[in-house]
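For reference, chains read A, B and C in written order, and residue numbers begin at 1 within each chain.
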């Protein structure tokens, strides 16, 4: 009986190990299911199309061209490789300024006729309508729009997910923004955190340590919203003054804030790692005549390196994924960052800010899941790299 | 050993949790749920609080998350009333049609948007055309608008917020924002940023107006008349940038939600609208 | 090689002094920054803290009254997520350190749990929304929120369990085996009791992290206003971090609700402080007990 119980418990333990590993696969499954499905769909609203006259030789438009046309930045067909003729856009919103209610019918039953006629008579027309309302006549053709490809998603330089008629989903600025903010955050935080953890674990008196440690642990509990508000009120104006900037909401503000936020995690975890160094090893080193500092540097730190790597992974994870604080201090402008002193927009901030308003199951919604997939892959990549590094060090 | 005690404890806790499951969701008819736009949130909450004071048997839950969240929840039957600061989008309308749900859309208040700048900025008034050029990135320096030689820093709400869409449609003639525009997650953050950045411009709901920032006078007739945003000017419609706030619900649930919505539209409810800082309908 | 030993010693000691001062300086400046932030919050929030603040419902559009439902909600979420995450996390940690043999499987599991640790909280939020709220149809509820938060805390608990088991000297295990104890018995009676104080640290860190997270609960459980306390795991609830986020960002009367926002932050910090003190106390208590044995 007892043996069976033991057997059972051992199986439960093993089961838990596998469940934990399995969760990651579940996340992959669910995120990617939503995220991938949006690739290869049209950036236009579902069932909508762009229509022009058959005489128009333009067959294809990119999402950026469409945006520029409707923003009146492209106003002439000659810019798109046709004759010199101005582009007239017509859609459901301005249709009533062109046709009367009687012409269109109460339920838009004559809309098709009106539009086809309009396109026939004014060849420079670009019409944007639902395919349900508009049946195409012989004088009209539909323009092809590039489908969203993985490449355009990753390399696009503009992020206008709610642009009409075609959403523009280029994630390059978001990706670079995320990377620049978290990279510098960890660059600031790691040396500081390491120094502090060495101090706490090896140098400080037990008495001082007992005071400092709870304070640091306590600070990992401050909600990120509070950090965000602190950043907005203190750090942002400070940077503005010091660097004489027009805007204080910059990547630097985000990095500093994230560094502060990641510090408690890094300090706590690496201090624990340093403490696991066996006493025998330390004493052996000291007995050979090494100073305390040499022991720390040559014996303890190498021993604790895997723990410290773990600390920095946790730190990076927290930095890359930190949402609320970054949302408040980096300005969230979706432009490609050229330096630290510029506003940036990060991926988690984008997800948190946009998910609530995106229609469920729509293109925008799915693109946010795709962003989450990207975020997941980035963190996975950093983990694997960190793993490799610590594995290599153990071998040498 | 401590360990087994711990497991026992957690098992007990789990059991006690599941026990309390059983008395779940009994008085459903008397509980109303509101979900959606963060702009409407404070209003819905205040009205709910006042309403429940009069009707002790009704309980009203108010949940935020954004207009999209609320409308989705309405679609799935997870909420009774969706709060929205924007109209239904095309895809959403289609989905409601597929589900054969007939919606009632009630305007419960009006929100006016004030365009704000740093109080030390000399510029007092702007036309709609100028605003369009500022937010699309065509004008980038205050000296082109009669101010000092300083870079314009444009603050906007997040690209998914109802406010963002509204401003784009009614001020920028549907053109897209410049991508260098700074998007702030919340109106409070815009006020904070504009108050500490000299070259800043942004837009906020009138309710958020604070003495730390200055509202510009806006003209929609190419500079003939400029109007300052205020509750009075929004009420008589002389201030041009204002938008309705909605409660959306399924016609089938009218009976359940009617008394609450009627209360919101009553004189008393509209007084709350004014207290919160929005513009009452009457 | 043949330099004067005295000189080497002097250099050694000088270096040590310099490095120690740098480490000390950095530590104190970090503490100073952190205390500055803490002071910044306390100064603004301490004024509203009184018994009424803890024990009453919010009033007048969140500008007055207390935060009772948010406190209760956070307690539910913390308890719910820990009930799920702590046993699973601890057993997984035991599995990884004690059972899994070196090789592909162990490497795979370690890689996976490490990856889980790096997954950003907003991704957990999205996952929770896709799986628990929509797929399993729990709706936005305490159950969905607790499960999401449990996933978030899981890697933390696994990792600390693993590290603290690793720190248990192998001689203990060998001694136990030599006395004829089985593997499970050794783990139960020798290894885990020694490591328990440190395992508790993982639980504490988990509680600290879970109680302050906003992003995972945003779409899985959080409610802005509830007229009553939740009475089942399928209800939504209010939670402190979300409450803080939402009243400091939305709400038109930011100035009047600001004290409440800071007060909420103070309460959150107080919870974390309390939990940490408890952890320290438990840690000392257990380690003394182990030593006495």
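One rule holds for everything that comes next: a residue touches a chain if its C-beta (ideal position, glycine included) is under 8 Å from a C-beta of that chain, and two chains touch if they have at least 3 such contacts.
Being a predicted model, the structure only gives us computed values, none of them experimental.
Taken chain by chain, the contacts link every pair, so each chain touches all the others. Taking A-C and A-B together, the chain pair joined by more C-beta contacts is A-C. With centres set at the average Cα position, the gap from chain B to chain C is 34 Å. Here the CA centre of chain A is 25 Å from the CA centre of chain B.
Multi-chain contact residues, meaning those touching two or more other chains, occur in chain A at positions 352, 355-356. Within chain B, contacts with two or more other chains are made by residues 38, 64-65, 69, 185, 189.
Annotation for chain C: residues 87, 218-219, 248 touch two or more other chains. Those residues of chain A that touch chain C in the complex are listed here as 6, 9-10, 12-14, 16-27, 30-31, 33-34, 192-193, 195-196, 198-200, 203-204, 212, 214-227, 229-230, 234, 260, 263-264, 267-268, 272-273, 276, 278, 291-294, 297, 307, 310, 313-314, 316-317, 320-324, 348, 351-352, 355-356, 368-369, 372, 375-376, 379-380, 382-384, 387.
Within the complex formed with chain A, the chain B residues making contact are 38, 64-69, 71-72, 75, 89-92, 94, 136, 150-151, 153, 158-162, 164-165, 174-176, 179-185, 189, 192-193, 196-199. Within the complex, the chain C residues that touch chain A are 12-13, 15-16, 19-20, 22-24, 26-27, 30-31, 33-35, 37-38, 40-41, 87-89, 91-92, 94-96, 99-100, 108-109, 111-127, 130-131, 135, 151, 154-155, 158-160, 163, 166-167, 169, 182-185, 198, 201, 205, 208-209, 211-215, 218-219, 240-241, 244-245, 248, 265, 268-269, 271-273, 275-277, 280. Interface residues of chain B facing chain C in the complex, by the touch rule stated above, are 1-3, 7, 10, 13-14, 17-18, 20-21, 23-25, 38-39, 41-42, 45-46, 48-49, 52, 59-65, 69, 78, 185-189, 191, 205, 207-208, 210, 275-278. In the complex of the two chains, the chain A residues touching chain B come out as 45-48, 67, 70-72, 93, 130, 158-164, 173, 232-233, 236-237, 240, 246-249, 327-328, 331-335, 343, 345, 349, 352-360, 362, 364.
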